[in-house]
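Some structures are shown below for you to check.
Okay, so subunit A shows up in both of these, paired with subunit B first and subunit C after.
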Partner chain A sequence: MHLEFPVQGGNFSGAGGASSSIKKVLKQLGIPYDTLKRVAIASYESEMNIVAYATRGRLLVEIEPGEIAITAADVGPGIPDIEKALQEGYSTATPLIREMGFGAGLGLSNMKKAADEMVIESVVGEGTTVKMKFRLS
Partner chain B sequence: MDKKELQKTLFAETIFDSGAEPENGYNTVCACDMMSELLAVMNQSSHHNRGIILLTGLANPQVIRTSELVDIRLIVFLRDKRPAQETVDLAKRCGITIMSTPYTMYKSCGVLYERKLNDVQLETGSD
Partner chain C sequence: MSYFHSVKLLDSECKGCTHCIRTCPTEAIRVRSGKATIISERCIDCGECIRTCPNSAKIAVTDPLEEIHRFRYKIAIPAPSFVSQFSRRYSIEKVLAGFLFLGFDRVLEVGFGADLIMSAIGEYLKSAGAQLPRPVISSACPAVVRLIQVRYPGLVGNIIPIQPPMEITARYVKDVVMRELGLPVSDIGVFFITPCPAKATAVKQPVGTSDSYVNGVIAICDMVNHIKMNFDRIQTGSTAIQSASRLGLGWGRRGGEIDGLDIPNRLAVDGIHEVSKILEKIETGGFQNINFLEAQACVCGCVGGVLTAENPFIAKLKLDIVSRESGEGNREEFGKARMAMPGDAYFLPNRIQPRPAISLGTDVREAMKMLQEIERICKELPGIDCGSCGCPTCRAFAEDVAAGLMMRMDCLFDLRERVRCLAGEIFSLAKKLPHAMQDKGGADDA
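Up next, the complex of A and B:
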């Protein structure tokens, strides 16, 4: 099964809507709670990253027997130093993002911990793609 | 602890009541202002989250959305904070009960600790 959700950069009031829809679909499919929770956390963090930093993006979901893959692809500023961005506590968040309860420098790290596999590809000035895989527990 | 008891313990006012109660009542407290921190804790949580009470000083829609995504069904806003209508509407759509207490984070945690409510159990073995 393939699902795709557009995510608009800067739309804080709608942020999380795509992840909420993904969670509902997975729940209806009977995905185990532990996997459902990990996918929801990683999907939401990646959605918030698009809203907070990018111009626009998409969340793509591939559901296969035994595995769920989430890809968060955006058009935006890109990440100059991926290793640094993965360090807990490192953040380039604006005060607005912090007011929303994000920007603690935990987003990418949370995504990495929630997923079984995570790959980040980024081109400065063009955008970022984060691919995550979740094995069904 | 049920919602009525929680309301009495924290001198809280219910802003929206979803009508739902978890099977075994509310037995766990998570006190958090940063939503990424809440997600990090919930990712490590070793139990189902429906019996968790979230205490928070944030009162924006992202608190509701974050709670929905990690299955928290009761939020208490601290220091008499009142969420905007947009936040209340989202809580209604998500079926999440929201309350407001005059207590600070420290006092709320203290009185709920006294009432034997638990911390979130983490898979790493932290207590």
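Up next, the complex of A and C:
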């Protein structure tokens, strides 16, 4: 089944709503807890990345009996150096974002750790799409 | 498995209003046929509905004082929050002696057990520390433990597998009495004086262990009445009373648990809805820097329990005063208890299991089908969560419809829309005149 949640860039106070809804759905589906935890962490981090860096975006969820795919697609500045962005602790966060308690440079690496597969496509000046897959344990 | 609940509904008092369905943290209540009904698998006995019900139709079932006479030797173990219920004009010494006046043979404050547990928690966190999932969550509030089992089942592994103070206190005092008086365990009745229904449930159906050391549970508010009514006749000076230390008593309010822990990055949260918000965040990987989370279902902690008599904030203030005055407690007795308790006594013998009452079915495919149906129905609903259907939210209504428990037309808005369509149809039919009448006017607009 397919679910879609819009995410507004810059809206820190309302952030977390999309990943919270995804989590609720997965609980209702009775997805095993360790998978649930991984998907919850990854979708939250994706949502926060859109909120912190992009203009707007969407979280797309595709659920199959054996696999969950999460795609975070945004319209935003894009990532110039993906390899660098994946390094733990590397961040391009502005002082304002850091002030909000984000921008520790752990988002993408946490997502990569949580997912079984992760592919990042990005065009500078246009936006980023992160595709993640989670196998049900 | 069937669940025991101390929170019950008095059918005769329930007016079918929808106050309770909205405040229930697990969406466990529905109004059906004009009366509230509690979904047993979801209810965590937190007592929020008791707090909210304007008609006192929700009650907590506890034992009456007379129950103590089932036992030859009767022990009262009042919760740390108990002493917070009395104003300055009642001396605490006399308040505790009141238990003896009312027929108990011995009194030991549960704060004493809390004192013992604090060192056990500290040692456990130090020894097992690195392998534990963060944050480690306290097991002391039974409503929070059940909230996690039902709504955050993935976090049961975060709950510290340590017995609550009530159990440790009961076990300790039973051992002492058996040893000192040579009584068989069946002659000894330990009664917990409880601030909340969740603890009453925890005695009848404990989590993480099969049997409780506590034999009965009496509500704090009942005990406060008994003691106040007889206050002038209470004698002090007995040695059968043992109070708790400052730190032990502190467990009766928010922050008391973490006050006694010598570890960095601790957090205390109170109020079941705030606790839920924190648990939501932990599920998405938040609060990894917090080592220990004290979470209490009631505002201000146990002093805010629904079975207490005093305003939570006043009670908290009072508890702070009393605990300051009690100092370090009886250290000699405490040392003896530390020695007497076997090391494994502090640990829950069984793993805490999830209680997934939220999943739609055991088969993912079936659940997905149902979820699609829920999403479809949800889109058609007004989304204003009016509660007229008896469900807490439009989404909960959609879930109940998909499960076959409700009909689409049970939504007032849907019903009204159908009535409107029907009225329109009747109106247009009414305008259709028989051919014989059409030239007598009225047929122009037909």
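The rule is simple: the second predicted complex is superposed on the first by the 137 of 137 C-alpha atoms of A that agree within 3 Å, B and C clash if a C-alpha of one lies under 4 Å from a C-alpha of the other, contacts with A are read in each partner's own complex, and residues count from 1 in each chain.
As a convention for this text, a residue touches a chain if its C-beta (ideal position, glycine included) is under 8 Å from a C-beta of that chain, and two chains touch if they have at least 3 such contacts.
Small disclaimer: the values here were computed from a predicted structure and weren't measured.
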Which of subunit B and subunit C A:Val130 touches, first, second, both or neither: neither
Touched partner set for A:Ile41, first subunit B, second subunit C, both or neither: both
Subunit B versus subunit C as contact partner of A:Lys113, first or second or both or neither: first
First, second, both or neither for A:Gly30, with subunit B first and subunit C second: second
Subunit B versus subunit C as contact partner of A:Ala15, first or second or both or neither: first
Subunit B versus subunit C as contact partner of A:Ile79, first or second or both or neither: neither
Touching partner for A:Ala54 - first (subunit B), second (subunit C), both, neither: neither
Overlap of subunit C and subunit B interfaces on subunit A (superposed complexes): 16, 19-20, 23, 33, 37, 40-41, 44-45, 110, 114
Contact set on subunit C toward subunit A in their complex: 153-154, 280-281, 283-286, 354, 356, 358-362, 364-365, 367-368, 371-372, 374-375
Of all residues in subunit A, those that touch subunit C in their complex: 1, 3, 16, 19-20, 23, 25, 27-31, 33-34, 36-37, 40-41, 43-45, 63, 65, 110, 114, 136
Residue ranges of subunit B touching subunit A (in the complex, touch as defined): 33-40, 42-43, 48-49, 58, 60-63, 65-66, 68-71, 86, 94
Subunit A to subunit B touching residues, read off their complex: 12-13, 15-17, 19-20, 23, 33, 37-38, 40-41, 44-45, 99-107, 109-110, 113-114
